[in-house]
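One structure is given here, and the rest of the page talks about it.
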Amino acid sequence: MGVLDLLTQETIGFACLPKANSAWILLGIPFDSTTTYKPGTRFAPDSVRSASCNLEFYSLLTGLILEDDRINDLGNLVLPPGEVEKSLRIIEDAVRELRGLYPDALTIFIGGEHLITYPIVKAFDKTIDTLVVFDAHLDLRSEYLSSKYNHATFLRRIVEELDLNVLHIGSRAYSKDELDYVKSSGLKVLNILESKDLEAVGKEFENLGRTYVSLDIDVIDPAYAPGVGNPEPLGMDPLTLLKVVKKIFESNNKVIGFDLVEVNPLVDVNDVTSALAGKIILEVMAMDKAFRNTKWL
Amino acid sequence: MGVLDLLTQETIGFACLPKANSAWILLGIPFDSTTTYKPGTRFAPDSVRSASCNLEFYSLLTGLILEDDRINDLGNLVLPPGEVEKSLRIIEDAVRELRGLYPDALTIFIGGEHLITYPIVKAFDKTIDTLVVFDAHLDLRSEYLSSKYNHATFLRRIVEELDLNVLHIGSRAYSKDELDYVKSSGLKVLNILESKDLEAVGKEFENLGRTYVSLDIDVIDPAYAPGVGNPEPLGMDPLTLLKVVKKIFESNNKVIGFDLVEVNPLVDVNDVTSALAGKIILEVMAMDKAFRNTKWL
Amino acid sequence: MGVLDLLTQETIGFACLPKANSAWILLGIPFDSTTTYKPGTRFAPDSVRSASCNLEFYSLLTGLILEDDRINDLGNLVLPPGEVEKSLRIIEDAVRELRGLYPDALTIFIGGEHLITYPIVKAFDKTIDTLVVFDAHLDLRSEYLSSKYNHATFLRRIVEELDLNVLHIGSRAYSKDELDYVKSSGLKVLNILESKDLEAVGKEFENLGRTYVSLDIDVIDPAYAPGVGNPEPLGMDPLTLLKVVKKIFESNNKVIGFDLVEVNPLVDVNDVTSALAGKIILEVMAMDKAFRNTKWL
Amino acid sequence: MGVLDLLTQETIGFACLPKANSAWILLGIPFDSTTTYKPGTRFAPDSVRSASCNLEFYSLLTGLILEDDRINDLGNLVLPPGEVEKSLRIIEDAVRELRGLYPDALTIFIGGEHLITYPIVKAFDKTIDTLVVFDAHLDLRSEYLSSKYNHATFLRRIVEELDLNVLHIGSRAYSKDELDYVKSSGLKVLNILESKDLEAVGKEFENLGRTYVSLDIDVIDPAYAPGVGNPEPLGMDPLTLLKVVKKIFESNNKVIGFDLVEVNPLVDVNDVTSALAGKIILEVMAMDKAFRNTKWL
Amino acid sequence: MGVLDLLTQETIGFACLPKANSAWILLGIPFDSTTTYKPGTRFAPDSVRSASCNLEFYSLLTGLILEDDRINDLGNLVLPPGEVEKSLRIIEDAVRELRGLYPDALTIFIGGEHLITYPIVKAFDKTIDTLVVFDAHLDLRSEYLSSKYNHATFLRRIVEELDLNVLHIGSRAYSKDELDYVKSSGLKVLNILESKDLEAVGKEFENLGRTYVSLDIDVIDPAYAPGVGNPEPLGMDPLTLLKVVKKIFESNNKVIGFDLVEVNPLVDVNDVTSALAGKIILEVMAMDKAFRNTKWL
Amino acid sequence: MGVLDLLTQETIGFACLPKANSAWILLGIPFDSTTTYKPGTRFAPDSVRSASCNLEFYSLLTGLILEDDRINDLGNLVLPPGEVEKSLRIIEDAVRELRGLYPDALTIFIGGEHLITYPIVKAFDKTIDTLVVFDAHLDLRSEYLSSKYNHATFLRRIVEELDLNVLHIGSRAYSKDELDYVKSSGLKVLNILESKDLEAVGKEFENLGRTYVSLDIDVIDPAYAPGVGNPEPLGMDPLTLLKVVKKIFESNNKVIGFDLVEVNPLVDVNDVTSALAGKIILEVMAMDKAFRNTKWL
């Protein structure tokens, strides 16, 4: 028995879709141990699943209907409370195992906090050419409150430790340390103002290769996504975001992984942030279906 | 004594406007018996009335001020709890009586759930040429969870049973069944992306004739209207909606009825959805006043 | 296939207990179509199940630990939205089937509103000697707002239509109609002040025979159970309630059915009412286990 | 010792910035005694300070980072409960003293309700050439419910009693009385529709001279700023607002005072309105820094 | 026309009881201008009226049913925002007029904050022999934050300015200043521990004469009444409170006025505090009815 | 410079008391990294401090007034996010340093989660004779979800690793593992039913010696303390709790440390749990003052 069998808890299926073999694998990662402000993203995997049961399966961006589709929703990882290092290892092991079992699937993760992207991406073992991050924040601090591995530093760790291209979209909140690092490292960062120019952004998406997309829900304006630990004003609207994401799928790239992190149901309003997150995942599934066979990979 | 006398409960007047004879009749219909997700729209008539007391009477879309106007607010219907069939009959009878008493008025209804539009429109007895529906959803299912008359099927029933044109605006959430029906029936549906093109939408509004407008508040994005049973992302913004509605009044049509449904005060935030609903009704009243005498009817 | 197979939706198991054959059958009945004030009890079965996952399995009233026990949690009934008559029939059919399948089990129901007790008790087909009701209200109106079958009349219907003894405990809110009926009918009613006298109440419990217990959570004071549609002050505290319930089990009676109704998660605080409901069900299971073999039946 | 020493209560520093001598003076004025609808703006100074601790110090509008800057946060005024006249006098005295102590600073005030702008502006003693007000409402009533000095009349008092130009931006809710006054007085009012035309608004900003900017947060749409006493639909979005504000700083004017009023933390959601208010103040500080030395004054 | 006609706003009747001539006069006084912590008691009169519509009319303490009774609910006073002195004068004038019009009625007031008791009691013009106050706090400060007339000083003002006996019950939060004053003035104060001894309290109630009862809802424990501006732990439970109040009516006294103050619907939970307040008023009405004709007065 | 200087963040003083040298040291420990259900206790130190500013300084249990007293509130520890081991070490070091600096003070800690008691007690370095724990739960698991050091195991670690007596009071939720351990280890546990018998509990308090009291707020019933991560029904009421605590001070013991943990402001109602926690701390300070000089130690 693998890590996944040992450490996974069954849940209702995403959007109440029947669970079955599918081109889409879903895994919930209820990890929020390094959150510094309002915690609670641990409840997102279940909350997003359940809010999505009340959505229809039509995809506005592609025109497809997913009503007769299936999803391979594996449930949630079970993680030892307060043990960050051990948790990161479990996440990494589980994702590696999952990649071995379903090498051709689009693997989708619901966080949890943004730090989970670090072990996930690591587990993809150099099969990722480009990591595209949507986030209000850069998460590029070299360390934060004497801690090296947390939600505010995860991308710095990835850049330092792993060998892949990073494209960062939608940011509008930097520390000086981060801004300096961006300048010195030559990291590609499109801030929120630049991110809304669909054509310009589209140009950056040519030839990303095998792509992993990490979406911190706070890239969206708090008006649309109030249920986040750290609401940052001046964000993107959901339709623009989806159009940008669609450009990744349309272009000559292959999306092999996707995560949606930082939804916090504990501070949400009428579950609108969970519903929005579910909608985004449904649209990503539809985009994958629409453009899957057009790829060279 | 008619149904209205027997089955109406007095309330404060809409927007705290003095109650008196007027070109506008208002009736609250606190019916939400077939709601499938979060119930509570029964509280909307009172909540919208009361939140509107804190609005000013200036209309941004027309430049009119309604401060010295009156409204004929008849209060709320009293309906037997849990008796859908009987309730629909009471609604239909009350609206027919009301139409008899005030044939030239613009009759405005505050729901309650969307199913109320079915008995209302029926009671207009073929005096409606076109039904314009604003909604995130189509509500065109042939049946839902073995029930034929509910919020998710009401428009299908209208299309099947009544003889009028339907124009549907703002949708973005379909079931397969509904999409198939739209295709086979030739129903005119402008989805949310098409609905924002004011000029294109305007063209559809030429010669609607005697028009009834039904506005499901969830056509608006949850950012602006979080207090709804089923928040559906990617919606319209309120100003665009009002501009579209204004085009109906400006064009060569006569609006004879209007309902605003699906506001749910139980899950709202600081009553912003109730306030927005009140604002929309005030603007509709102002549009009616501004364009009333320009009509051929 | 029976009604239960056709109309049941799977859920997580109560208190996250493993689902298996057991002396306890659980069925969720998310029905709240006749609620007149704040609706939302439809969410209680899932909310109580989930809040109970964070409770320990020790029973304070009996000293037993249920950690290694199993429960036969059948999930929730699926009911047609807004169709009261059809829903009552489905509930009755499902319960009758369930009684046929598990004649020796203690069947436990989580509502939903109090009206569900009517079809449940009917389905027990004269196997109930005494119905013990805990409720702040009598629910004995002859009709309510022109409706005969609803949460405010259900007990009147049972008394009129079925042949069993009724013992009512904890009431403190009567209409004149109800009080007159109690006097004329000779129904046994212990009001809230009398209900706290454990010894006196105990006397009433001698020889109830085969007993069905229906517990409207609003019998408890809103301080302990704020999440109810109609909070009624001056109620019982949870420990006294459990001691009273225990007396039923201790005495020479056999409890064959139990329902817990009227929890409303939509208006609750930190899920405390759901947690309390879960605790009560756990204690009832423990009482059943503790006293099961001491019965003559 | 001056009024400020006697009547100020120490708090944490705005955005957790170190308190020190600085070009920016901050004073909290927790006054909401004349609020007519939902009260609670008294909690805004502390709530805005604390929500801002979780913002980064990067300014999107100017590209500056304020991380190494300081602020002279003087804390909150202590005001006698329920004594409006005395409170207005204390505010006026404190601001006058503050202007004497820091004549070259940009003085920033966090309300409290909009009436505080009246004594503040008075205390600037004719050093203000133009008062720019952002507000959904005109606050120009001649009196309100028999009271002359309150949140709904403050601007009328300023226009009548003080000698300065007024430019009003973003309005969309007028009483007849106010609209008549605007017409007769020739006050410059750009309503919400006109306010979004950056170029046109920019023209109005040429040569304002010494400028005081008063920002009622309800000028922003309730989607972005739900935590206000009187949410008024159809408002501005935060980015447009900041671009308009920036135009004031860019043009040939000198901003000498700024207040942000009417944030109500008691009815907010996840503190998003407080966070937005903090962001606006940070951007205003950055604009001041960016354009300070380009001024002729 | 009197003050009452000029300055009263119509509302729904208390508990939805029909409005008619009656032995009970009700007046809402939505005044909260001197509140120092969380404001919002201005919403209590309407909130208590509306929550009471869902209560039954049975009185547990007396066994009476008030279903066929009437109430003379005069609506709410309209007060100038932020004008404390003027407001106190209006309250006093209105109450004096009301006493002239209905000299034999039991006059009931719903606040608003506790300061309203000052002008009310003044308007009773020496017809009160004893003022019985239920409150967690003494409200006996000589002044508070430089203000002499506010919720924290009102009782001191009454003791100093008016000639009546004061009996204070249920307190548990004193300032040193207040405790010293109690000692020096010889005021009769039963703290919360002493207040629960029904017999001892009963003794204090012999021969109070013409009695006015003022009930600050925070005398009750926050568990039962969370919706208050200043929740003070260790309070009374509602049943004990009602038993104590009943003793006043049972004894040889005549209750001529009653107020219930400090309910704050803005911070309540599921309106439980409003419902409790409504219940208390209903019980007080029933006590008045039960013992009215047994009096010597 | 010591750990305390390096790692402490200044805050407002507890209950807005002036900070100064005092017999009472206060330290906030915003640590909640191992919480398994609803997180948020990290906000308790600030929330309890601020809610306490609205309490009076009278102590009901002792009759003392603390208005002129001082407190040495050192602020909050700053801990590395997600680093449990490092955090525990910092807590231990800080407490040891604090004990060295203020050997005669009563040191008071506000958590944070219950795990903080482990490093605190360790840092007292065998100066504790008895640890008295108030808790709904035993926190005696040998491990929890593969983690050895967390809120559910902390007391097991203390019992296993440290040499002191443990007295556990108020429990009502056990796992089988814990119950077995209690039996085998002979730990003294008074469950909730036994804990209410003041006399019996008092007997256990004779000769505890140097005592540390740890109070998990969930020992109190959720009616009084809803703002906790894991509300457990059937708890103690606050007055009984304080009487029990007082017995510790009255008896021949010396209380040298006290912590109050598990308050969760994120899920509280109107801050009543924070206010209650503040009240408990004030009463503990008063008890310490009242009985300090009666000790032999």
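Letters are used for the chains, namely A, B, C, D, E and F, taken in the order the chains are written, and counting of residues starts over at 1 for each.
Rule of thumb we're sticking to: contacts are C-beta pairs under 8 Å (C-beta built on N, C-alpha and C of every residue); 3 or more make two chains touch, one makes a residue touch a chain.
Here is each chain with its UniProt name: A, B, C, D, E, F = Agmatinase.
Please read all numbers here as calculations on a predicted model, not as lab measurements.
Chemist: Measuring between Cα centroids, what's the chain most distant from subunit E (Agmatinase)?
Modeler: Farthest by centroid: A.
Chemist: When subunit A (Agmatinase) touches subunit B (Agmatinase), do the two copies use mostly the same residue numbers, with over half shared, or different ones?
Modeler: different
Chemist: Among the chains here, which has the CA centroid at the largest distance from subunit C (Agmatinase)'s centroid?
Modeler: Farthest from subunit C (Agmatinase) by mean C-alpha position: D.
Chemist: Need the CA-centroid distance for the pair subunit B (Agmatinase) / subunit D (Agmatinase), whole Å please.
Modeler: Distance between chain centres: 39 Å.
Chemist: Go ahead and note the Å separation of the Cα centroids belonging to subunit A (Agmatinase) and subunit C (Agmatinase).
Modeler: Measuring from centre to centre gives 44 Å for this pair.
Chemist: Pull out every residue in subunit A (Agmatinase) that's touching 2 or more other chains.
Modeler: In subunit A (Agmatinase), residues 38, 221, 223, 267, 269 touch at least two other chains, as defined above.
Chemist: Flag every residue of subunit E (Agmatinase) that touches subunit C (Agmatinase) in the complex, lowest number first.
Modeler: That would be residues 54-58, 60, 65, 67-68, 221, 223-224, 238-239, 242, 269-272, 275-276, 279 of subunit E (Agmatinase).
Chemist: Taking the touch rule as given, give the residues of subunit B (Agmatinase) at its contact with subunit A (Agmatinase) in the complex, in rising order.
Modeler: 37-38, 137, 172-176, 179, 191-193, 221-223, 226-228, 230-234, 267-269
Chemist: List the residues on subunit B (Agmatinase) that touch subunit C (Agmatinase) in their complex, please.
Modeler: 32-36, 38-40, 42, 78-84, 86, 115, 144-147, 149-151, 266-267
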